[in-house]
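In what comes next, chain A is part of two complexes: it sits with chain B in the first one and with chain C in the second one.
This part shows the complex of A and B:
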């Protein structure tokens, strides 16, 4: 296998593969993606995969997410059907007292051009007839949706490979050295050299950073998801808490717990999640649950994406974030601009690693 | 709910573990998804041999009744028609009655979840009328239902031969025994002879090429070494062997090793039948596919070890009993299986699969 590359991406998840694909649109040769397992074995294969804008706070982060959501229809045109659906998103509330909070959110979004409506009980039930009739209302945004993360990564990889990107899987990076202005990346299957190095190791970013003496403050946050048997299509929207996939399965859950790298599931969270789902959509009580799975979020210490150049290291880039599915097309675009043009079309200084000091 | 010992699976191994623990004063709960204790024994009409020395010779369902009767004399709580569906963060088992899920906190868990039959796939193998030998046996002996009139058997293990005889006994016509190897695999030669005497042909080096039928199986093509023949049948019983049922061990985070002689992937355990989750013990087919006699012994060892851990028996006494049972196991168990078991124990500290939830 070729050992010299212009650019190496460590991590082939939705973030790393998104970057590799977007880079390959600009130059056809010289990109290698390394993954210690396979590109869907990490967090990108154990996610709800909403492309979600609404109720992200503060509003500048919502705006950033919106730009990425806007790229999805175009992305599907370029790489193929990724089962992206702009369903619209509903965040229900069950107490009338929450309406005021919802109005405030809508107001702050209006200023940045994201339309959020606060729906009455009747409006919610008209849109989503299977919602619990005891709902008080919901915030609604038409830009939210969801995607099939497996198809997304598969299509990224196919398109990237067509453009000359190489993948080396089941190949863990164990050491990174800097010599003569180049990076030498030592992996299980040998050493590779490159000019540009992109760290997209998701929830493992901290240990990859350590190889270069760079602190990437990403923590682990487990989420457990329940999957129903395939049901006839009956949910129209991406509801904050659950969604129905194209094959009819309903994915439920949005739990958060600190459990390190342990991907086990626990009945405590499974039952809480089932209760939440039944509160939202009572009809789900009759659905059979066919499996539960856990994913480990890559959670930057302050909750916001870590993107861009690594301060003090030439040609070294990092992309580590929660909500990587939502942000992937934008991150891919911006990191490509940064490498090719030296600057980005949307400012990303706010997301620099520098902010952690 | 709280209990000293939670036994998952109420078959022969689970029941003998229950007797060992409960007879020493421990509070025992057995959970089983069936409506009756006894597991596979309930549909076994054949004489079981060899059995451990504490039992006189008897048939499968008789042994089930005997064990169930014994268990009744102790402090054992059976949860029938219940299933373990997962575990809580504090280690409690989550048990469902198919309506609700409730936690059971146990000091020790013995998993005796048994084995599942493997199917043999061929084109149209999902047609009704095509089933495993165990399913056919259950229909005949437990449910008193005729699974068909004209049958073939795929496979020639002892279990397959026994099932063929049972089919014959209830008046089902067995038209052929199809074996892909070049001879019968059964160790009990009398059964093979009995079938031959009854005029049932054995087709060696052969396999089913295709099944046909409208809504249920009606006809099959059998590929013999030098020709293809067609038979009209409404029942195909297939023996693809059995494999340990591992779900619960997986959820508990136990390690696994691969041991062909024990049925494939098997949880790792030590000679006390303790897994690498210190509060979890194993018994029965889950610890390696064997015959009923040896399975009872594995349940007894697990029961003794748990009794020792919970101080219902002294370590010295436990060791003595365990040694004796291991000796008997060595005598009773088919040599190949026993050797596989001993090899498996050696891998306890270096499992092939471990920490599967740690990413």
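This part shows the complex of A and C:
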């Protein structure tokens, strides 16, 4: 295998593969993606894969997410059907006291062009007839949706490979050195050299940064999800907490635990998830659960994406974020612009690693 | 096992053929779970009880890995499908499970 590349991307998940694909659209120099296992074996393969905008705060982060969601229909046209559906997103609440918070959210978003409606109980039931009739209301936005994460990453990989990107999988990076203006990336399958190095290691960003003496403050957050047997299509929207996939399966779960890299599923959180699901959609009581799975999400210390040039290191870039599925088309576009043009079409200074001092 | 041809159905639940499994391995996949994520082989109601050994055989034939080097699929609770109500405890207090709106914080009466 060739050992010299213009650009190496460490990490082949939704963020790394998204960057590799977008780079390959404009850039015919050598690009190599290194993955310690096979893409989708980490966070990108264990998610409900909402493309979610409307409850992100502050509003500038919601706006950033909105730009990415806007790219999805175009992305599907370019790389193939990734089962992206802009269903609209519904966040139900069960206490009338939450309505004020919902109204405040809608008000603060009106200024940036994200239209949120605060629905009454009747309006929720009209949109989603299987929702618990005890629901008090919901926030609703038409921009939200979901995607099939497996198809998304598979299609990114296929399209990138067609454009000349190389993938080396089951190949863990063990050491990174800077020599004569180039990066030397030592891996289980040998050493590779490159000019541009992109760190897209997701949950492992901290460990990869350490290899270069760069502190990338990304922690781990576990989420557990239940999957039902295929059911006839009956849910119309992406509900915050559950969604129905194309094949009829319902995916349920929205949990957060600090458990390091431990990917076990646990009975207490499975039970809470079951309680949440029957509270939202009581008709699911009789649905059969086929499996439970858990995933470890990357969570930067302040919750926001870490994007762009690594200060003080020439030709070194980082992309580490929560909500990688939502943000991947935008991050791929922006990192490509940064490398090719030296600037980005929308500002990303706010997301610089510099903010951590 | 030598009787598998390209159209042989390996996963009955999701109707995945031998050819689809082989393609994942030729693209660099090495484990049952790699095959599962890309093709859905083993994701159906039987949860890989039928197809595990056939996929292992295909991995062995294509990569030369010995059967002991091929990891088993990750087994997922509940192993056999059970009703959601069997798992539910009817409690409406949550700790690890959240609602998205709960994460929206107000500061001086405004969204942060």
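The rule we apply is simple: the second predicted complex is superposed on the first by the 356 of 357 C-alpha atoms of A that agree within 3 Å, B and C clash if a C-alpha of one lies under 4 Å from a C-alpha of the other, contacts with A are read in each partner's own complex, and residues count from 1 in each chain.
Rule of thumb we're sticking to: contacts are C-beta pairs under 8 Å (C-beta built on N, C-alpha and C of every residue); 3 or more make two chains touch, one makes a residue touch a chain.
Treat the numbers as computed from the prediction; the structure is a model and nothing was measured.
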Using the superposition on chain A described above, determine whether A:270 touches chain B (first), chain C (second), both, or neither. both
Determine, under the contact definition given at the top, whether A:296 touches first (chain B), second (chain C), both, or neither. first
Using the superposition on chain A described above, determine whether A:142 touches chain B (first), chain C (second), both, or neither. neither
Chain A contact check, chain B vs chain C, more residues touched by chain C
Who does A:256 touch here: chain B (first), chain C (second), both, or neither? second
Thinking of the overlay built on chain A, is A:40 touched by chain B (first), by chain C (second), by both, or by neither? second
Should A:108 be classified as contacting the first partner (chain B), the second (chain C), both, or neither? second
Looking at the overlay, does A:287 come into contact with chain B only (first), chain C only (second), both, or neither? second
Let me check the overlay on chain A: which residues of chain A are in contact with chain B and also with chain C? 41, 265, 268, 270-271, 292
Partner chain C, residues of chain A touching it in the complex: 38, 40-41, 45, 52, 55, 57-59, 91-93, 98, 101-102, 104-105, 107-108, 139, 150, 154, 157, 167, 169-170, 224, 226, 228-229, 240-241, 253-257, 265, 268-279, 284-293
Footprint of chain A on chain C - complex, ascending: 27-31, 33-34, 37-38, 40, 43-45, 47, 76-78, 81-85, 87-92, 94-101, 103-106, 109-112
What does chain A use to touch chain B in their complex? 41-42, 261-268, 270-271, 292, 294, 296
Can you name the residues of chain B that touch chain A in the complex? 85-89, 94, 101, 103, 251, 253, 357-359
